[in-house]
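The following pair of complexes shares a single chain, subunit A, combined with subunit B in the former and subunit C in the latter.
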Partner chain A sequence: MVDAAGWRAAGASLAAGARVLVAVWATGDDAGSRVHLATRRPDGSDLAVIALRAEDGTYPSIGQYHPGAILMERALQDASGLRAEGLPDPRPWLDHERDFAFLPAEGEGLHRIPVGPIHAGTIEPGHFRFTVNGETIVRLEARLGYTRKGTLGLMQGSAPDAAVRLAGRVSGDSTVAYAWAFSRAVEAAREVAVPPRASALRGVMAELERLANHAGDFGAICNDAGFPLINAHAGALRETILRQADACFGHRLMMDRIVPGGVAADLAPVAAASLRAELPAWLGRFERLVELYGKTASLQDRVVGAGRLAPDLARRLGCGGYVGRAAGQDFDARRDAPYPPYDRHAPAVPSLSAGDVDARARIRIAEIRASAALIGDMLDALPEGGIRAALPESGGEAFGCALAEGFRGDIFAAVRLCGPVVADAFLRDPSWFLWPALEAAIEGNIVADFPLCNKSFNAAYSGCDL
Partner chain B sequence: MGLIVHLALQALEMAIALLAAPLLTGFVRKVKARLQRRAGPPLLQVYRDLARLVAKEAVVPEDSSWLFRVSPYVIFAATWVAAALVPEFATNLQFSWSGDLIVIAALLGSARFFQMLAALDSGTAFGGIGASREAMLASLAEPAMLMIVFTVALVAGTSQLSAIATFMHSGAEGLRLSLALGLVALVMVGLTETGRFPVDNPATHLELTMVHEAMVLEYSGRHLALIELAGAMRLLLYMSLIACIFAPFGIAPPGAGPAALALGLASYAGKLGFGAVALAGFETTIAKMRVFRIPNFVGAALMLGLLGTLLLFMSASL
Partner chain C sequence: MRRTLFESLHRGTLTEPAPPHDTETAALVAELDRAALRRLGRSLAIRAVDAGSCNGCELEIIALGNVLYDLERFGLKLVASPRHADVLLVTGPMTRNMSAATRLAYEAMPAPKFVVAVGDCGRDGGVFAASPDCLGGTASVLPVTLTIPGCPPPPAMLLRGLIGLLG
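Here is the complex of A and B:
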């Protein structure tokens, strides 16, 4: 708990770059509302949370010091009613009932193109408002909040075992990473040690999820550049991984397999051997696609130089994952804030500085190679033993928080337990920092390149709608 | 008797343009899918889609005028007539005197003009984007088409397609550089005009990248069916055009007997099949171009056409 001066000082340390923003959220109970700020050091260490009592329903905005916080504070304003004083952009985010005006852009020959929230393809709902000059984008604003599920409210008062299922549904493509982040927060609050075998299995699941998503994204990026051949093959590669995941853990997306205290399903030796044997051939098929990607001049012409995100902007917005790492950032929670099993299996973390669509695709390629190697190492050194530690039935009020690296970037989970149930929880998707980056990166590009750039960011809609 | 046969052949020609066009489109899709290791939709799926669309209610935007409702019929009629004017399997059909290459280009231009007006009339942002992109393409593709017409007409001494086909078939001219340039230019113009790779992606669902599809986004029901059918006929037209000018072998001469006509039909089907496979192969190995690169592509077609014409004059003056 800090006072307003301490809160502002924390905001200033974000602006100075001494610390990095992880999340801003609010909780409330009979004792009143509190806002929480999670930060870490730039090197990844010292994840710390401070809280401020929100007197009169207001608190000093972090967004006025650090632009990366603006979206989260706008959402917080709609969800909790707390007003951020000094917030540079106080327009609503989740609440579609309130008046909303898109940011203005004026000049001769400018016109606006509204796109969505219903799109021609089967994708999540989001509205994009382009201001364009001919084909050139002058300004883009994304508006989300069409899939608000009230997940955080549902979690309140439910047992951790039930809450982790909700956490795994915040963004379905990252269900493993979400369940892991939430489980680690609960384990931190209750000081439970996870058996080594469970940790290793969690690692295998998370890396399988990364392989499947990165392979799918790689194909989808090529498809949006008008090269469906790679997409067809990448789709088959993704399907191979999903089937292996089904054979190994009993669910294609490995949903609800990570639970507080360990994992819900053990890995049979036969399935493990099959997965281990499949990997080299899978990687061989993938490398052929990478070769085709690099050799197809017409494809390279589309991806190189499109949607550039400057490294400085990526740093200021706090972009993680492949977006940040393609734009000169070098943070990976698995390496820089290591948690088991990554303390024993450190991943190779690629970093590029070009910041364009090509760089984001190549970061994914490098991460697929690294993940495949990790899965092999983890399976080779799979510890024996139990797969789940019992959680204490009850206990006093306890707070825990944790980071877990999903395929999109680091997912933050914070949970306050009260007796046998969750008093309140918060889950921060990496996409909170990706959407503003996409809006900035697209400026000066042409309208027709937006789908390609959007796909290379692949920010989650659902993860920000909560 | 002769007149009846001529009329019957002309009717067959028109029927082929109308009925075989969806099959050709379906075949291209199938080959593309197979090249991408997908099963792909059935060959007859395009017919089923058209039947489904015809049976559906046509929804018209509230703010649109009569132009929006009339345009599909104009586009369909103009494209059908243009497609039927290209000799497919026999030359000197009943109505071939009525139109030459320039008429075909003009008919397609009119169809495009109405398409663009209707897109603007729909009042949506995408209609406007599509129409503006189409206008940019047309301003380069149409002069390129005219240059190709000049080249071919100068070589053959006529712009009448039947006569050109007969002339080319006779082999009197032999190989000419101008014709080679014209062929490349015509393929490029054809890819542009039919909305294929690398200019446009006929299969995309991304509204912001569309050219032709963006203009027809607001259409539904029978209106959409007519436009889709016109699109399929345009593909058939360009393939027939390339076949009749540059590969007229097998085409039945005037007054040919049933055997020659059968040979003409078989060779025509073979040419279309070859064209479809070539198109699918080309589209599989190339990514779509950035929109602002497309003028370079179509501009190259214009330059090739121009070069072809100039070379003819130079060789004539030597």
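Here is the complex of A and C:
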């Protein structure tokens, strides 16, 4: 617990770049409302959380020091009713009942294109408001909140085993990473050690999730650049991984397989052997697509230079994942804030600085290679033993938090347990820092390149709407 | 490129045979209004709408288009506009914030039109049923013709349900 001066000092350290913003959220109970701020050092170490009592329903905005916090504070205001004093943009975010006006853009010849919340393809809903001059995008503003499900509220008062099912449905494409982050927060709060075999199986699941998403998105990026051949092959590669996941863990997306204390499903030796045997051929098929991607001039013409995110902006926003790593941000929670099994299986972490669609695609390519290698290593060194440690039936009030690297970037989970249930929890998607980055990166691009740029960011909607 | 195309030609097709009819899906589609469906013939234009899903269902709907399931060979086509659609394929627990847009999409469709609720969330709100931010499933807003449960339903199950609509 800090006072207002300590809270403001933390905001200033974010502005100075001494700390990196992880999350800002609010909790409340009979003892009053509190705001929480999680930060880390730029090198990934020293994940720390401070809290401030919100007297009279207000607290000093972090966004006034560090713009990367603005979206989260807008959501916080809607979700908690607290007011962030000094918040540069206090417009509502999750609450669609309140009046909302898009940011203005003025000048000769400008017009606006409203898109969504229902988009042309099968993707999540959100509204994009483009201001354009001819074909060129002058300003993009994304308005989300359409998939708001009140997930965090549902977690309150539920047992950790029920809450982890909700955590795994914050963003379905990252169900493994979310369940892992949440479970690690619970395990930290209750000081439970996970059996080595369970940690290794979690690692295998997380890397399978990364492979499936990266392969599918790599194809979809090429498709949005008008090159469906790669998408057709990449779609088959994704399907192969999902079927392996189903055979190994009993669910194509591996939902509800990671639980507090360990994993819910063991890996049968025959399924493990089949996955191990599949990987080299799978990677060979993927490498053929990479070769095609690099050699097709018409495709390269679309992706190189499009949707460029400047490294300095990526740093200031705190972009993680392939978006950050394609723009000079060399952070990966698996390597820089390591947790089992990555303490024994450190991933190779690629980093580029071009920050364009091509760089984001090439980071994904490099991560596919790294993940395939990791899965092989983990399967070869799979420890024997139990797969789940028992959580204490009850206990006093305890707080735990954790980072887990999902395919999209680092996911932060914080949980406060009280007796046998979750008192409150918070889950921070990587996309909080990707949406403002997309809005900035798209400026000066043409409208027709938006789907391509958007797919290369692939920020989550449900992940932020919560 | 040539090598990839040549290999694809030689390897043969990856597309799998149509899924067999099973009793589970037969029960799902038993109650359908056959007369109205018959007027649409042997093809259905489908508009997918995410009414607040976690995106898990979307991933499996997208997978229907991959070469293994190849949705379009059955006359099933995902379309961009509800004005071109016979079927609204709705996922998610029907969040308050998506209910108006979902209703508008349905109203934009020409008759006869059908609503397919997808997933446990689409069926009744699933794990989000108790949330004050969700209305609780597709039927809370639209008349549902067919429900395909699952969390998420695998592509093969989605395919069986949609083929069932064709009769």
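The rule is short, and it goes like this: the second predicted complex is superposed on the first by the 466 of 466 C-alpha atoms of A that agree within 3 Å, B and C clash if a C-alpha of one lies under 4 Å from a C-alpha of the other, contacts with A are read in each partner's own complex, and residues count from 1 in each chain.
Rule of thumb we're sticking to: a contact is a pair of C-beta atoms (placed from the backbone, for glycine too) under 8 Å apart; a residue touches a chain by one contact, two chains touch by 3 or more.
Since the structure is predicted, the reported quantities are computational estimates derived from the model, not experimental observations.
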item	value
First (subunit B), second (subunit C), both or neither touched by A:296	both
First, second, both or neither for A:449, with subunit B first and subunit C second	first
Which superposed partner A:12 touches (first subunit B, second subunit C, both, neither)	neither
Subunit A residues touched by each partner, larger count belonging to subunit B or subunit C	C
Partner chain in contact with A:135 - subunit B first, subunit C second, else both or neither	first
Partner chain(s) touched by A:2 [first = subunit B, second = subunit C, both, neither]	neither
Which of subunit B and subunit C A:229 touches, first, second, both or neither	both
Which of subunit B and subunit C A:113 touches, first, second, both or neither	first
First, second, both or neither for A:238, with subunit B first and subunit C second	second
Contacts of A:50 with subunit B and subunit C, given as first, second, both or neither	neither
Shared subunit A contacts, counted only where both subunit B and subunit C touch the same residue	120-121, 229, 232-233, 236, 296
Parts of subunit A lying in touch with subunit C, wherever the complex brings them together	94, 96, 117-118, 120-125, 145-151, 153-154, 165-166, 169-173, 175, 216, 229, 232-233, 235-236, 238-239, 242, 246, 252-253, 255, 288-289, 292, 295-296, 460-462, 465
Parts of subunit A lying in touch with subunit B, wherever the complex brings them together	111-115, 119-121, 134-135, 222, 224-229, 231-233, 236, 296, 298-299, 301-302, 446-451
Partner subunit A, residues of subunit B touching it in the complex	35-38, 125-126, 128-129, 132, 197-198, 201, 203-209, 217, 284-293
List of subunit C residues in touch with subunit A within their complex	1, 3-5, 14, 48-63, 65-68, 78, 80-82, 92-93, 95-98, 101, 105, 127-128, 130-134, 151-152, 154
